[in-house]
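Following this message is one structure expressed as structure tokens.
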Amino acid sequence: MSALGVAVIGHGFMGRAHSAAWRNAGAAFGLPHYRQQVLVGRSADAVAAAAAAWGWQESATDWRAVLARDDIQIVDICTPGWAHAEIAIAALRAGKHVIVEKPLANSVDEAEQMVEVAAAAARRGVFSMVGFNYRRVPAIALARELIAAGRLGTVRQVRASYLQDWLADDNAPMSWRLRAETAGSGALGDIASHAVDLVQFVLTEQVMEASGALRTFVPQRPGGAGGAEEVTVDDAVWANLRLSGGASASIEASRIATGRKNSLHLEIYGSRGALRFDLERLNELEFFDAMDPLAEQGFRRILVTEPEHPYLKAWWPQGHILGWEHSFSHQVRDFLDCIDQGRAPSPSFAEGLQVQRVLGAIAESSDRNGIRIAV
Amino acid sequence: MSALGVAVIGHGFMGRAHSAAWRNAGAAFGLPHYRQQVLVGRSADAVAAAAAAWGWQESATDWRAVLARDDIQIVDICTPGWAHAEIAIAALRAGKHVIVEKPLANSVDEAEQMVEVAAAAARRGVFSMVGFNYRRVPAIALARELIAAGRLGTVRQVRASYLQDWLADDNAPMSWRLRAETAGSGALGDIASHAVDLVQFVLTEQVMEASGALRTFVPQRPGGAGGAEEVTVDDAVWANLRLSGGASASIEASRIATGRKNSLHLEIYGSRGALRFDLERLNELEFFDAMDPLAEQGFRRILVTEPEHPYLKAWWPQGHILGWEHSFSHQVRDFLDCIDQGRAPSPSFAEGLQVQRVLGAIAESSDRNGIRIAV
Amino acid sequence: MSALGVAVIGHGFMGRAHSAAWRNAGAAFGLPHYRQQVLVGRSADAVAAAAAAWGWQESATDWRAVLARDDIQIVDICTPGWAHAEIAIAALRAGKHVIVEKPLANSVDEAEQMVEVAAAAARRGVFSMVGFNYRRVPAIALARELIAAGRLGTVRQVRASYLQDWLADDNAPMSWRLRAETAGSGALGDIASHAVDLVQFVLTEQVMEASGALRTFVPQRPGGAGGAEEVTVDDAVWANLRLSGGASASIEASRIATGRKNSLHLEIYGSRGALRFDLERLNELEFFDAMDPLAEQGFRRILVTEPEHPYLKAWWPQGHILGWEHSFSHQVRDFLDCIDQGRAPSPSFAEGLQVQRVLGAIAESSDRNGIRIAV
Amino acid sequence: MSALGVAVIGHGFMGRAHSAAWRNAGAAFGLPHYRQQVLVGRSADAVAAAAAAWGWQESATDWRAVLARDDIQIVDICTPGWAHAEIAIAALRAGKHVIVEKPLANSVDEAEQMVEVAAAAARRGVFSMVGFNYRRVPAIALARELIAAGRLGTVRQVRASYLQDWLADDNAPMSWRLRAETAGSGALGDIASHAVDLVQFVLTEQVMEASGALRTFVPQRPGGAGGAEEVTVDDAVWANLRLSGGASASIEASRIATGRKNSLHLEIYGSRGALRFDLERLNELEFFDAMDPLAEQGFRRILVTEPEHPYLKAWWPQGHILGWEHSFSHQVRDFLDCIDQGRAPSPSFAEGLQVQRVLGAIAESSDRNGIRIAV
């Protein structure tokens, strides 16, 4: 099998993280059958410098030209959300396997179109995936395994939160992320989306009903020209979800939670056990086994760095912790494995669309006085 | 000043906790001007044994007779909630100062009547208080001080939860606490009430609007006769609150959160700092000061055992931790101080009634599809 | 059986802690067969006030007269160490059961004499105990149970430390605790003694060999008259111990460990499991079970507040934590149980003497260039 | 400036970690002026496969031939310790800059020779470094900065430990790491060496005196042929050190500490503050500032992921944690910076030798009944 040529489109924060993944996944997992071929961006100089530093063989500025190349089999889209649909659809039609960084798209309409095109492509063996990378954190994968194995019994109550604080300061400047027309929403789409996806993933269940509230605490921020500009997205969001298996989940996401840097936090309570996870300590999973002898029960801190743990055999000896970016290498591994084996990767575009529908229901509930809405 | 005679009515869990407080508050705070006079209960033998063991000079079975005595100045009511109103009103009318264990009453009607009688009594210098003892945990008192001093700036986001697990097992037996007619509600009145009170207390603000949901996960439980009985109260409750100062608060309370034993948890995020507290580690308060130099910011774990901390001068040297029951001794101290100085103690019956109104709004919202309700 | 009359001698910090224990043990454990009779001190007014506040029926200034009374059966000695021997020996000879707060005595000579008198008394059914109260912390008692049950396999490595910081400030004033002639030693006798006792207690083993070092970091401190005074005891101590069962233990104790308030810390590593404890979180015990499935191993935080845990049935429902002072109530319970059943309580004077011998070996090693010394 | 050609010699665990560093340092820090040229190993097939997977342009089996090449300017030695001296000396003499993974050598003799050759090379602008990578953990670098800035005042007491458990099981097999002739020592050289280096680095002080003890708990282990083989190195080591600035440090290292996976732990107590670090949570540093207001003092958990923190500007936004391997990328960055600027990198071979002398003193003390030995 000749090596698959990879193109990453976009060289911002996510382009850089995905580049690191492509640069390292092969070394970790012994997947030499791909080439880090081309990094694509709009500014020729900047993308050339990034390509050189990040391990790409070349750079380019015209993504359409890249899609036309025969030596490119995989297109990994890291542009802002408004460009996802156009590039992804073109790439799938060009027969390229596609990864799209989350969110799948900025609107449900676009997302539905992408799902349709992806389904058609899949019938031709051309695969696609949306980049909810936190599914690939080993502790999260272990959590899902424990739940699937029944170690928690019936899951009843889930508490999820995603707290950051980079907007806690009233003087944090205005940006495209704070305008509804460019970002779609604020904490809702940016980070609550991860929480919603993880809850569904870890439980292997789907949200059936949602209610919620969105709030903006700092309505104006310093704009580029010195004057104040209107913030038109939410700073924080609260949601209550009902899941297909009967559990209730609460979600709280905020970008004004002073002191929380990147705290994606899960607590899952079942009839036989419980789990706790925090992304700021992503190498750890806490597990409470209610089947232990009563006097010995307690939340145990599993350091998820053993060869027996998901993804870990590829890395270092026990106790040598992984970083945030490793989740992207794992994503590359899983994606390539699927292509290799002719299987559809997950999360599919359809899964990405479903998460957006949940987010939509939360926003609608917020607008409609908090009522519960079926998803 | 001759010593104030104290009567405690009820000798269940709360009667025992309050007895310990009366037995120890004087030793800690140098308040010898009261007498642990009489413990009152319905079963003569049981209450006599309890009185002897718990430091009371005598026991009695007729609370009305006790109210008629001249040597009793303080009546501390630890009966189930349905008996609160009758005893408290009689005691206040008899000129006794009154403590009522929370909840103030089982119905808003009763509570309103109690507030009225208490107001009239206060005009005659006869005082009353409702027993939200967690206000008297030193770390909570410190949290309130820090917020009042502006160390958190504008408080925006509050996360409160009260998680227990004694009903996580499907086979935990039926009891009066699980029937609406005797208990009023489940997790809502039992533990969410504490969370609501604390949020208001720590912020010195009031809830203006509430929405919420109640759920029962285990609808039937083994009854006394062996058959299954219907559970008619909630196992868990979720609420979103809007506070008078503009903050949003989420509340989650559950008695089926496997592995959580008595976790009353608060997180408070302001524009200049944040706080975190958990009742399972009640001697600690975490404080994040966003005014610290950037490279040195972090949640600091304050071990609240210094003489400089609220209530602590009365106890042991630094690092010698207090237990759960100390909050009741602090309650006795604060109550006696108020009586001594002719000041109305807090939380007043009116404050207890206001908490019940918030709980009522949450329950109503739950019944009305989750809509937001003004309090 | 008529109630046993109790006298506590001394009303400083320890007299107050022991008084609280006598005031509360009966209520917790249903031990009404004793009377809190008399508190003894040198200053008539001060001891009378303390006695009134702390629940004693009377006060006295002449301990010899108290020993002569027929209505006193138990003498609990809380004076400074230099007075222990004289009072304890007189009390035992007078047929009183005796508790002596640790350290047993200020010299090995005195301690040996006390052991002899105690042995003779025991033959007449008169019992004695030394007050290593931390043995009665429930988490410590649970640790011992787990080890005795083989849950740790062969214990090999023990790390014990006792860190405080009340002498970290160079300007902390001179006191009797900092002079060799009154205190005997510094961190060694004051706090390392607790660590040594606990290691032996938890392992049910004895120290066979010791080496160590003592250091004084602040050689002079402000005296009463304003001038500087010489500190003649250690600020910190390090020791390596070999135990009878083959384990190695390290001990580190310090009163200049900035930020540590009362951190008596244990880590115990065996062939099949491990334990971790810290007195600043005394309601918790961490247990690592190497027999768990590999992917699920981790230190589990046991909240030691279940009725199934040692001493806990007497207190509150699960999750309602105990304080530092409860260990003294447990000590009273265990002591009274032994007297009731005609059993010798533990730790005996002989055990107290043995701990002092270990401390002596550490100090000798420190003087002799660190060599290992048989105990 | 033309790119520096890099050769890594050895493709075991360390060769792999160093390869990852060379693969990623440029992307993080914008250091494109080097080439990942050649990976050297003894088995042609294995090293070719590793080279291909790990980003090397080529592989080789003859390190002498590699040293002779003009396109190689940097040699990074990751072989077992017994081969360090020969290769490093040859490389320096060939004018190559050299990194040697720790320990510098297996004997002090060899190390002394290396230091001499390195000194001569440095005079010609050819630089060398020993790979104590943990100095490059951001939290450790921050700790050193805080101490250098006087935030701890006078440092008095240091507690360092390095605990692992991969030999806790009696049936863990025999290997070269457990034979004195191949490994030199056990926990002493393997992991206590890191602790010794870090203590000196963080304090910017040197060890002046040492005492210690070494122990082997499992004297025989299953050998390759099925029979038991003698273990001739230590399982655990304890040391007491006196530092040039007056502090006392305790060191404890173990490979049988059940449940500890890679716990390199530091506690540093000074007159004005304290620090705490654990490698299992390497993105965190705890700092206690005794200059904070008394009621607000506490160990604060600094999440060392801010752009203001050492090395962090190169990576991800705040709260996105780094892994263990990042320390090696930082090592590459610092090494290249020094070469770029014509400065000698640190830790030098001389520093590596000094650490070995401290280890030697500890081992000698262990043999000589624990006496203190000047370094």
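In this document, chain identifiers A, B, C and D correspond to the written order of the chains, with residue numbering beginning at 1 in each.
Definition applied: contacts are C-beta pairs under 8 Å (C-beta built on N, C-alpha and C of every residue); 3 or more make two chains touch, one makes a residue touch a chain.
Since the structure is predicted, the reported quantities are computational estimates derived from the model, not experimental observations.
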Farthest chain relative to chain D (centres taken as mean CA coordinates): B
Pair with more cross-chain C-beta pairs in contact, given B-D and B-C: B-C
Between chain C and chain B, distance of the C-alpha-averaged centres to the nearest whole Å: 35
Centroid spacing, where centroids are CA-atom means, of chain B and chain D in whole angstrom: 54
Two or more partner chains touched - positions in chain A: 260, 288, 297-299, 303
Chain A residues touching chain D - in the complex, by the definition given at the top: 13, 16-17, 19-20, 23-24, 26-27, 30, 32, 52-55, 164, 166, 260-263, 279-283, 303, 305, 316-326
Touching residues (chain side chain D, partner chain B) in the complex: 142, 146, 285-289, 292, 294-303, 306, 308-309
Chain B partner contacts - residues on chain A that touch it in the complex: 152, 156-157, 159, 161, 163, 165, 168-170, 211, 213, 215, 217, 236, 238, 240, 246, 248, 250, 252, 254, 256-260, 267, 269-274, 288, 290, 297-299, 365, 369-372
